[in-house]
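Each of the two complexes below includes chain A, the first together with chain B, the second together with chain C.
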Partner chain A sequence: MAVESNALLRVNNLKKYFPIKAGLFRKTVAQVKAVDDISFYINEGETLGLVGESGCGKSTTGATILQLEKATAGEVIFQGKDVLSFSKKEIRGMRRDMQIIFQDPYASLNPRMTVTEIVGEPLDIHKLVRNKQEKKERVKQLLGSVGLSTEHMHRYPHEFSGGQRQRIGIARALAVEPKLIIADEPVSALDVSIQAQVINLLQELQQEYGLTYLFIAHDLSVVKHISDRVAVMYLGKIVEMTSKVDIYDNPLHPYTQSLLSAIPIPDPTINKERIVLEGDVPSPINPPSGCRFHPRCPHVMEICRGEDPEFKVYGDNHYVACHFLDR
Partner chain B sequence: MRILDEREKLLEIRNLKTYFYTEEGVLKAVDGVDLLLHSGETLGLVGESGCGKSVTSMSIMRLLPSPPGKIVDGKILFKGRDLAQLSQKEMRKLRGNDISMIFQEPMTSLNPVFTIGNQISEAILLHKDVTKREARRQSIEMLKKVGIPSPEKRIDDYPHQLSGGMRQRAMIALALSCDPQLLIADEPTTALDVTIQAQILELMNDLKKSYNMSIMLITHDLGVVAETCDTVAVMYAGKIVEYTDAKGLFGNPSHPYTWGLMNSIPRLDQNIEKLHTIAGVVPNPLDFPEGCKYNTRCPIADDKCLQQEAELQEIRKGHKVRCWHYERLEQLKKVH
Partner chain C sequence: MKSQKSKLGENKKWQRLKRNKMAIAGLLIICAILLIAILAPYISPYDPLVLNIRSRFQSPNSEFLFGTDNYGRDLFSRVLYGARVSLKVGVIVVFITSALGTFFGLIAGYFRKLDYVIMRVMDAFMSFPTILLGISIVAILSPSEMNAAIALSVVYTPRTTRIVRSAVLEIKGSEFVRAAKSLGASDFRIILKHILPNCLTPLIVQSTFVFAYAVLAEASLSFVGAGPPPPAPSWGNILSEGRQYIRTAPWITIFPGIFIALTVLGLNLTGDGLRDALDPKMKK
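Showing the complex of A and B:
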C-alpha cells in the first residue's frame, strides 16, 4: 500500500473472522470471514466512502477499527499508533478521537434519556465539562450546530422524527470533538427529502471542524456525492479503491462495473447498458476459491478460480484486485 | 370517434378516501386519491414514507385491517366494476385470479411451513381446472420463467431455504401463476441489493410484455420509476399531487414537491456541490394543515395555499397537477 504522509487512519491487512460454534462442546466448526485482509487509508479532512452489498463486511470493518469487535489480524494505525495493541485505558482515550454514527436512529438512542442527557453523556464520560451549567451550555451549542433548538433539550427520542433523531446522534458524536467519524449508513433509513438535509449537515460540519469521515453505505449515488475517494467491498474484500471521479468514469473491476450499471438513474431519457449479474452474493462462510467474485464474473478466466488476485495500483491512486487486468 | 385514446382503462380510482379510526383521532391515510391505469401499462406510485401508498393498494385489494381501517368514500373501478362495493366473497374470487399482489417482504405471502411448489400448485389448482400433476408441471415452468435455477429441485424447498432474491422470485411466480391482469407490487425490490434489484426489475418488465399484464408499482425510488414506469403518480399526505407519463414527470416536474424531491437526490450521472433540500418534515396525518398539505414546506406557498387546496387539474395534455402556482415554479426552476 502506498505510504500516505498525512494519513489519519491506515488499515493494513485487517481481518475479522467470526467463529461458528456447534455441538455439545461448542466447537468451532467454521468461520465467517466477514473482513478478510483489507487495506486502505484515509487522509486528514478526507471522506472515504465504503460501499458494497448487504453482508459484505462494511459494518464489521467499522466496528473492528473502533475495537467494538476484536480484530483477528492486521493493523489499525491511527495518528501513527497501532490501536490494536492498546490497553483498555488507551482505547477509552482513543474513543474521544474516533466516533461512530449508526444507521438506525431509533435503536441507537436510549429511549429513557432526554436529549440533554444523551448528548451530555460523552461530556461526562470524558470529563470535558466542569459543572452542570457548562454542560448545559455545551449541549445547547452542539444542538445548535446540528440544527436543533433549545426547546428540544428536554424531550425524549420518540418525540422526534427520523431525521431529527439522526441529528441527535450526530450531536452526540460531535460532543467529544472527534477527529474521525465512522458513519455507518447514516442516511439509509431516512426519506429522500430528509436524507438530503442530513447529508448537507455532515458536509457542513466537516468543513467547520475539519472532520475526517469513513462513510459506509450501500447507495453508491450517496457515497459518490459525499466522498473524495471510494472503496468497493465484495464478500470481505476491497476489490477497488480510487477517487470518486475515477470510480464512476473509469471503473476497472467487473464487480464495480456491474454495481454501477445496476443503479437506476432517475431520468427516463437515459438508456444505459446494463450488466445484469447472475446469481446471488455467496456466503462468507465458505467463500468461493480464488477471486471471490469469479462465480458471477462476466470475464472469469482459469486463474480466477484458483488464485486470489493481488490488490494492486493501476494508475494514479487507483487500486484494483483483478486478474483480468493483467491478462 | 375514439381515436384519441384507444387504450383500455383497466383500473380507475376516483376520489378514494380510506381512514383509520384510532384512539388519537381519525387518521386520513388516503384522502381523495384519483388514479388511472391502462391495460398493459406500468403505473408508478411514488411518495415518502407514510403518504398512503400501501393503504391505497390495500384498499384496492380490500385487505385493510377493519377496524380500524375503512373505505369511507370513492370508487375503485376495475374493468368497470366497483371493487369498493364487492363482498369479501366476490373479492376472494378476484384476488390471485384477476389481481395479484407482491410485497416488500416475501414472507408476507409465502407460508413458511409449505414448500414453494406446494404453494404455487395450490394456487393453480384453485384457479384452473387441471390435475395435480399438471399443476406441479406448471409450477416448475413458472419457477423457471422467474429465473430460479434447477426449478425441478428447488420446487421442494421451503421458503427459508432460499436466498432473499430467490424468495422474491418465488413470490412473483406465485403471484403470476394465475395470469393476473393486474399486478400490484408494493416496494418489491426495496429490501434487495441493487444487483438483485436489477434482476427482479428486468424480470417484471419481461413478464409484463409476455403476459400483457398491467402493473401498479409502489416505490419511493425515483430511479426505479424512471426505468420501469409508463405513467407516474406522485403522492403526498394522502393525495395525488402530480400524474403524468414518466418522460413528462422527469422532464418537467410541475408540482413544487415533485421538483424538490427530484433535486434532493444525489445522482450518479451528475456532480452537484450541494444538494437541494426540502425544508421541514412531512405533516402528521392526524393533524394535516389547512389548505394545501404541502404548504408547510413549499417555497412558493402564499395565503391562498394556506386556506384552500387546489384540484388535480390538467395543465397540459395528460399532465395533471394539484397546485395553484405551478406557473410560478417555472421561475424558481430558472433560479436553481
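Showing the complex of A and C:
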C-alpha cells in the first residue's frame, strides 16, 4: 500500500483469531477468524469510517488496535511505532494517545461511581492533576466541553438519559487529551433524534482538539455524515476503502454496491434499483475459499472461488479487493 | 449534594425492603434475638450455671418459665445465654468467610490462571459433608467457641468464594471494565474500584445465609460435643444434654430448638428480602 507521509495510524496485515477450545485438555479445535489480514491507514485529523454488518469484525478491529484484545499477527503502527511490540508499561503510556468511546452508554459507565469519579479516573491514573481542586476544575471543564453542566457532577449514571451518558463517556475519553479516538458504534444505541446531536458534538470536538477518529458503524448514512474516507468490511476483511465521495458515487465492490442500494431515500417518487443479496453471511469459523464474498456475489467468476483477491489501488486512493475489476 | 443523592438511592432500597412484610418480620426476629443476647445478664432470672438439685426436671411454670434441666438449672436463663454463643459464632463466621471468600473470589475470578488452582482447592473442601469437615477440624483444634467458629469458616468459605467469583466473572466482562482498561487502569485499580463495589450485593445476601447456616451448624457441632464445652450453655449443647430425657422432660429440647429455628428463619427471611431489595433489576 502506498505510504502516506502523514498517517497517524497504520494497520498492516492485522489478524485476530479467537480459538475455539473443546474437550478435556482444552485443545484448540477451530478458530474464529474475526479479523483476517486487514490493512488501512488514518491520516492525522481525518475520520475513517469503518462499516460492515454485525459480526464482520469491525469492533474487534478497534479492540485489537487498542490492545484490549491481543492481536494474532500483523502491525499496528501509531506515530511511527509498532504498538503490538509495546511492553505493559508502554501500553499504559499509549493509552493517553488512543482512546475509545463505547457503543452501549448504559454498560460502559460504572453504576457505582459518580460522574466526577468516572471522568476524573483517567486524570488519576495518568496523574494529570496535582490535587483535588485541580481535578474538580478539569472535570468541570471537560463536562462543559461535551455540553453537560456542573450540576451533573455528583450524580450517578442511572440518573442520565442515553445521550447524556454517551456525553459522559466522551468526556472520559477526552480527559487524557488523546490524538486518536476509536468510536465503536457510538450512536447506534441512541434514539435517532439524539444521534445527530452526538455526531455533531464529535465533529465539533474534532475541530477544537484536532482529533483523529476511527468511526465504526453499521449505518452508512451516519458514516456518510462524519467520515472523510470510508472502509467497508465483510467477514473479517476490508473489501473497499476510499474517499467518502467515491464510495457513495462510485462504489466498485459488489458488496459495497449492495449496501448502498439498501439506504432508504426519503422520496417515494424515486424508483431505486435494490440489489438484494442471496443467503446469509457465512460463518467466520470456516469462511468460503477464495474471495469471501463469492457465494453471495452477483458477478461471481471461476477465479473468485479459488483465489483470494488482492487489495489493490484503482485510481486515486481507491482500494478494492475484487477479481471482477480485473477482467 | 453527594450525600443527598446517594441517600436517595439508599432510600429507594429501604422502601423496597420495607414493602416486603416477610423481610421485616425476619428483621424483627433477628433484632429480638440480638437484644436477648446483649441483655442476657440483665433479663435472665437465674444464673445459668447454678445447680439446684431440689428443682430438677421441673416442667415450665411461673417460677421457671421454660422449666429446669437435669441439674435443676433454669432453662430460660440458659437459653438466653445460649443466644450469645450462637450469635457470636455466627458473626465471627460471617466476618471470616466474607473476608476470605472475597479475597479468593476476586483473585480466582480476575486472574484466570489462578482460577483453576483456587477453585479446585475450594471444590475439594466442598466435597466433604459440612458437619463432618467441621467436626474433624474441631477435633484437631480442641473444642471451644472460637475453634468451632474457625472450623465453620473453613467449611463455608468455599461457598462465598464461588458466589464472589461468579459475580467477578460477570462484572469483568462488562464494558465499564473494558473502559477502565482502555484508560490504562492497573489490575489492582480495576479490582478495587470497579469490580469489588459491584460484587457487594451478592456478598451481603450470601452473608445472611452463611450466618443462618453457621447458627445451625454451631448447634449441630455442640450437639455432638464439638462446640463450646459444658457447662457453658449453647443452644446445641442444651439440646444435646436434654436428648436423654426427651420422653420425660421434652421442654429441655423443645425450647432451644424453637430458638434455633426462629433465628435461622429470621436470617433467611432477611436474606431473601435483601436480595430482592438490592437487585436493581427488580423494580416493582
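The rule is short, and it goes like this: the second predicted complex is superposed on the first by the 327 of 327 C-alpha atoms of A that agree within 3 Å, B and C clash if a C-alpha of one lies under 4 Å from a C-alpha of the other, contacts with A are read in each partner's own complex, and residues count from 1 in each chain.
The criterion applied here is as follows: contacts are C-beta pairs under 8 Å (C-beta built on N, C-alpha and C of every residue); 3 or more make two chains touch, one makes a residue touch a chain.
Worth saying up front: this structure is predicted, and the values here are computed from it rather than measured.
After superposition on chain A, the partners chain B and chain C are seen to fit next to each other with no clash. By the document's definition of touching, neither partner reaches A:Asn6: not chain B, not chain C. In the superposed model, A:Gln195 lies in contact with chain B only, and not with chain C. Look at A:Ser149: by the touch rule set out above, it reaches neither chain B nor chain C.
Once the two complexes are laid on top of each other via chain A, the angle at chain A between chain B and chain C, using C-alpha centres, comes to 80°, given in steps of 10. After overlaying the two complexes on the shared chain, residue contacts for A:Asp104 are found with chain C alone; chain B is out of touch.
By the touch criterion stated above, A:Arg112 is placed in contact with chain C alone, chain B being left untouched.
By the touch criterion defined above, A:Arg96 reaches chain C but does not reach chain B. After superposition on the shared chain, chain A has more residues touched by B, the comparison being chain B against chain C.
Residue contacts after overlaying the shared chain place A:Gln203 against chain B, while chain C stays out of touching range.
With both structures placed on the common chain, the touch criterion links A:Ser85 to neither chain B nor chain C.
For the overlaid pair of complexes, the smallest distance between C-alpha atoms of chain B and those of chain C rounds to 7 Å. Residues of chain A that touch chain C in their complex: 63, 66, 68, 91-93, 95-96, 99-100, 102-104, 107-114, 121-122, 125-126, 154-156, 158-159, 169, 172, 176. The touching residues of chain A, when paired with chain B in their complex, are 53-54, 161, 163-164, 191-197, 199-200, 203, 218, 220-222, 224-226, 248, 258-270, 274, 276-277, 279-281. Residues 48-49, 149, 163-166, 193-199, 201-202, 220-227, 246-247, 250-251, 260-262, 264-269, 272, 274-278, 281-282 of chain B touch chain A in their complex. Those residues of chain C that touch chain A in the complex are listed here as 1-2, 5-6, 9, 174-176, 178-186, 189, 193-194, 197-198, 280.
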